[in-house]
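This report concerns only the one structure given below.
The chains carry the letters A, B, C and D, assigned in the order they are written, with residues numbered from 1 in each.
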Amino acid sequence: MRLYEYEGKRLFARYRLPVPRNVVVDGTSLHQLRNVVYPVVIKAQTFVGSRGKAGLVQFARDENEARDRVCSVLGTVYSGHKIDRVLIEEKVRIKKELYLAILVDRLAHRIVVMSSRYGGVDIEEVGHNQPDAIFKYYFSPGSIMHAYAARNIASEIGLEGPFLAPGAGAISDLYRLFIELDCKLSEINPLVLTADGRLMALDAKVDLDEDAMFRHPELAAMGIVARHEVGELSERERFAKKAGFPYVDLDGDIGVFPGGAGFGIAAIDLIEHYGGKPANFMDSGGAPTQDKLRAMLGLLMDNPRVRVIFGARFGGISRCDDWAKAVVQYVIENRPTKPMIMRMAGNMEEEGRKIIEKAKSEHGDLFRKIRVYAYDTPIEEVIKETVRVAREQGRPETSGDNNR
Amino acid sequence: MAIIIDRHTQTIVQGITGTNAALHVKFMLDYGTRVVAGVTPGKAGQEVAGVPVYDTVRDCLKQHPDATVSSIWVPPRSAMDAILEAIDAGIKSIIVITERIPMHDMLFARHVAGQKNVMIIGGNTPGVISPGRSLVGMLPRIAFQPGRIGTVARSGAVTYYVANSLNLAGFGESTSVGLGGDPILGTNFEDVLRLFEQDPETDAVVMAGEIGGVYEELAAPFIKEMGKPVIAYITGKAAPQGKRLGHAGAIIEGNMGTAAGKIVALEQNGALIAPVLGDIPVLLKRALGSVH
Amino acid sequence: MRLYEYEGKRLFARYRLPVPRNVVVDGTSLHQLRNVVYPVVIKAQTFVGSRGKAGLVQFARDENEARDRVCSVLGTVYSGHKIDRVLIEEKVRIKKELYLAILVDRLAHRIVVMSSRYGGVDIEEVGHNQPDAIFKYYFSPGSIMHAYAARNIASEIGLEGPFLAPGAGAISDLYRLFIELDCKLSEINPLVLTADGRLMALDAKVDLDEDAMFRHPELAAMGIVARHEVGELSERERFAKKAGFPYVDLDGDIGVFPGGAGFGIAAIDLIEHYGGKPANFMDSGGAPTQDKLRAMLGLLMDNPRVRVIFGARFGGISRCDDWAKAVVQYVIENRPTKPMIMRMAGNMEEEGRKIIEKAKSEHGDLFRKIRVYAYDTPIEEVIKETVRVAREQGRPETSGDNNR
Amino acid sequence: MAIIIDRHTQTIVQGITGTNAALHVKFMLDYGTRVVAGVTPGKAGQEVAGVPVYDTVRDCLKQHPDATVSSIWVPPRSAMDAILEAIDAGIKSIIVITERIPMHDMLFARHVAGQKNVMIIGGNTPGVISPGRSLVGMLPRIAFQPGRIGTVARSGAVTYYVANSLNLAGFGESTSVGLGGDPILGTNFEDVLRLFEQDPETDAVVMAGEIGGVYEELAAPFIKEMGKPVIAYITGKAAPQGKRLGHAGAIIEGNMGTAAGKIVALEQNGALIAPVLGDIPVLLKRALGSVH
């Protein structure tokens, strides 16, 4: 998960990596602009790339100018990301811009330090035009970066004389940060030599491994909590995170209530393939509890965008009977009015079917809009049906018994 | 002899006393899998479904020296250690059910396994099944039937749906391998395709990929060399960028990991692309021609 | 360098290794015996082995008894080691005694964890009588101990059920201590299970690598400073340590002033071989300064045991002329009366010779008892001469010119 | 071609700008040793006695790709890193002058060198000399003269005295190797004995050991197999227990490392024991018989 630049720089500072003097300002802390030495750079905190081109990086010579610029940015929305904070930094005079990044090479399954004498620009472009200008240094998983390796890298990107030791130190520190904080990426672009002889990380791009957050309470203590890989969670997504199941808002009208993440992805595709629009991605995880299943269903039902729910359960580690029980209980307790088109197959399919049928016979009216297909109906047919029902929802509701 | 596991394979279960593991040990035994021992540190002397529990893999192998496969059901924070323990004790194939293993842990486990020539499958694999012979993991037996199609998928549920669509069309599986939903996998598509290519009991392969990572792309060049048809089904065409869809590994990061990119790479190298599940048996029939 | 048990246990406690509740008492802190829960074990702090047999481990049921025992031990000398401190520990009821040690295997150049179900006894004897009873687990240098390895070891020595996790934890902790503190040995004998269900290190034997002390200011802060591998430094040895040259007191009367540690060792042998008794070992190290050379010479001259000084310089990294200068200056400034028999050969031999000869011609009387042999006199002859002179020193001094 | 170094060997010097290193670079050049480059991080572009200085070994080897030997003169705290740097850059023999290297550091450096098949000599070695041909280290040239006796010793000064006693008796050295005074050595007696056994320019070997460690004992079995006579001179017979005598490695620990133990092990395996330095040429003459 991507960190904001100011979060990355706080981590850098913890690892002794030099960053410009800075303060972070949000709507409630504009008074901090008084405590800044001008001129400054004002950087909107957002995950959008190319902030410079988007006008999200500005300069200010004094407090008034800074206040104007900050106010013009706070609260605005770029590419779907709302800007809540700006980073105010001393403006340094740059003598030289370098590039430094550490990442997991997913092809080689190793850790690679990428560095270049050419920083401050799009590194992929550099790599494309001048492959030699990017120096790659590989590390086996589990290995430390010895001091000499850091010196080799520093030397290769032109850090020499009095800059060799601090340069190598910064490379080592970034590597320690990368390893100790379970990063997928830690990038400094640009790493600069300033006109007054300092080495400094002017930007900070850090991607953490969400799956390793459990062992980093120090990050939570800094306010670094779960989010999307790139972007904040929506309200519904935060609810799901808390309840313990993966959920992502999409912009359609078909609520997707599948079993299994992989099929959840497939279901979204299939819905679009047959002309529908999914309202969400969701995954119950392995063997969800009844409570969790009902919370999942509730989240969809309560979403005003959702007009129909597509459900599927292939009973593997998660059993059909448990799933059926949860559906039935939710319906009886909450009396939902949105149609549900579902398929249930696999382990305990028969038991599940009996639970549904019993409920239908006892609470016929509640289950009027609920159809549950079985093993012998291909999943594509169920989805086509769902898309059709979603379209119908636009029209006046037809009467009649939809039970099979 | 099927790929990876067979009727005679002796397996152990790490984390055997956990609720899920204990349930599926019973299912595995019912299926005929030779689960000979289990490990939960501190619980040596107990039994799970009649299977003896030991404190360490080392102790397991002292008593059951012919065990070669371990499945791992421990929590993510212990997964790397469990894998390393199995490798150190001499296990040759490790099937990692645990999901969301920290990326650096899995990289290190892979690295050590590579040095020792040990196969890791997963993390977040539903397991491996050779229908009618052996099952290691949590795959629902009901979804599979013996046959001559090899399947390999990142997702468990997709594995079942693929088998479901094969079986409805009269096909069965030689072996079905779940690679796992985690971003760093021990075994990737190419590894399994190579096994199927060599397997006399497999006529064709269905590979089901999804968004995230580059394992599908990495396998593409080998598909070109294969003598057996490969049907590819790739999900996530409608997925948003920068958001994980359930599987830790299912995420489009920048330009990497899009369904479109994978489909192009596979198609250019001779894989037959199935846009929806129902197309898989159709393409298979076409590819196998008179054989079926 | 060996640590006292109480020092080892303080390190154990830092690494969360459970040790009995204890206090350390010296002559000035007997009042602490009031704050102890009786009965207790009283253990004299010394490097002597087999303290039990030597009566250096005693028990006390109450404060009076403890005071008596402590006073009877403090200040006494065993095998040349004076006892300045005692460790007072809760007396635990032992259910099971185990053995655990981590050391550098100097044959295999690896780290080995040795463990046994049989603790509290001489482990070498166990190894001799029952080789299978000792379990050896090897680690490559630089590798960490994974949790499973600690469990394997714990399991092998019978730590099971509720003791497996704490046992493995203790093994991991001891390994971390071993690695992080640059140990040559860290041994717990016995590691016990107590009758009340605790796992506990009853003894602590820690050998540190003196050559790595520079990176452990935390040890210096605990009062752990340079000493012999086994034993405290004498006053002269402390002086030498401070002045920066290796020096060890021996009990003879020939002061040894060699160049090079290896030849220093050889010189001691040769002196004994020819019937003399060396008063010390000493080494100038590579390229000593003039000040250091004069400090070395002074240390010998000021030692009342020393009756004659044997000197040798094979000019390699250390030059003969520098050496000669230092000798001459020392003699002129300090007007020593003890004879010096020396040999000087190697780099800058000729220049050195000229310096000595010039001094002799200018200060003839001061150099009366100083002979300096050259390359063409085998070192054995010089040593024989030294031994002869040492014997003579017992007799009335003969007159006459000893210069060559 | 002498063992380890030869007239044509190109060497580099790590820590070249230090006082001692700079002095001995001059001595080495005077002796004819091909010192082609040096390293001191941050001092690239300088020169020492005409030898160019680089920031890294990697940079050295870019400019001087034929350098195969490095001598290391850095402080103990940097020694491991310097050794690893040399190994990583592709140096094949590393002569470690630095003394009192932390034991764990040296163990690790040895371990890595072993994996990469790199020879480490030292720490705390005075160096290696093939008289009249090449000298790497700080050995005083005056002590050595060309000949057919190989010498190997832990101590620098003893190396000189051994050569001194050989030369006074008319012998000379094919190569003299200082193993070093540190407790953990990169190269031990057996390694060098094997080289001398193969070396057509060596007729007999003098090995000088001292108290501490087990390297002398480890070499004993090989001496039995050797076709060339081995004279052993062991010092520390009069040394006290538990006290280091100058060399970090020169210490009797419990029963380990006594001179008596070493002498017994060597004598039992056929080495001729020289009680004092002067006995060495006497024993050599006896062993070589009519040859000399």
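The criterion applied here is as follows: contacts are C-beta pairs under 8 Å (C-beta built on N, C-alpha and C of every residue); 3 or more make two chains touch, one makes a residue touch a chain.
It should be emphasised that the depicted structure is a prediction, and the values quoted were computed from it without experimental measurement.
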B-C compared against C-D, more contacting pairs: C-D
Maximum distance between Cα centroids and subunit B occurs for chain C
Centroid distance [mean C-alpha coordinates] between subunit C and subunit B, Å: 58
In angstrom, rounded to a whole number, how far apart do the mean CA points of subunit A and subunit B lie? 26
Rounded to the nearest Å, the gap between Cα centres of subunit B and subunit D is 55
Based on which chains are in contact, what kind of graph results: line, ring, star, complete or other? ring
Touching pairs of chains, which are they? A-B, A-D, B-C, C-D
Contact footprint of subunit A on subunit D as seen in their complex: 41-42, 44, 55-59, 78, 81-82, 84-85, 88
Complex contacts: residues of subunit D adjacent to subunit C: 20, 24, 76-77, 99-105, 107-108, 110-112, 126, 138-140, 142-143, 153-161, 164-165, 168, 181-184, 208, 210-211, 213-214, 218, 235-248, 250-251, 253, 256, 259, 275-278
Help me check something: in the complex, which residues belonging to subunit A touch subunit D? 146-149, 151-152, 155, 160-162, 164-165, 168
Under the stated contact criterion, what part of subunit C meets subunit D in this complex? 2, 47, 104, 106-107, 109-111, 140-142, 179, 182, 184, 209-212, 214-215, 228-231, 246, 248, 250, 258-266, 268-273, 278, 281-283, 285-287, 314-317, 345-347, 349, 375-376, 378-380
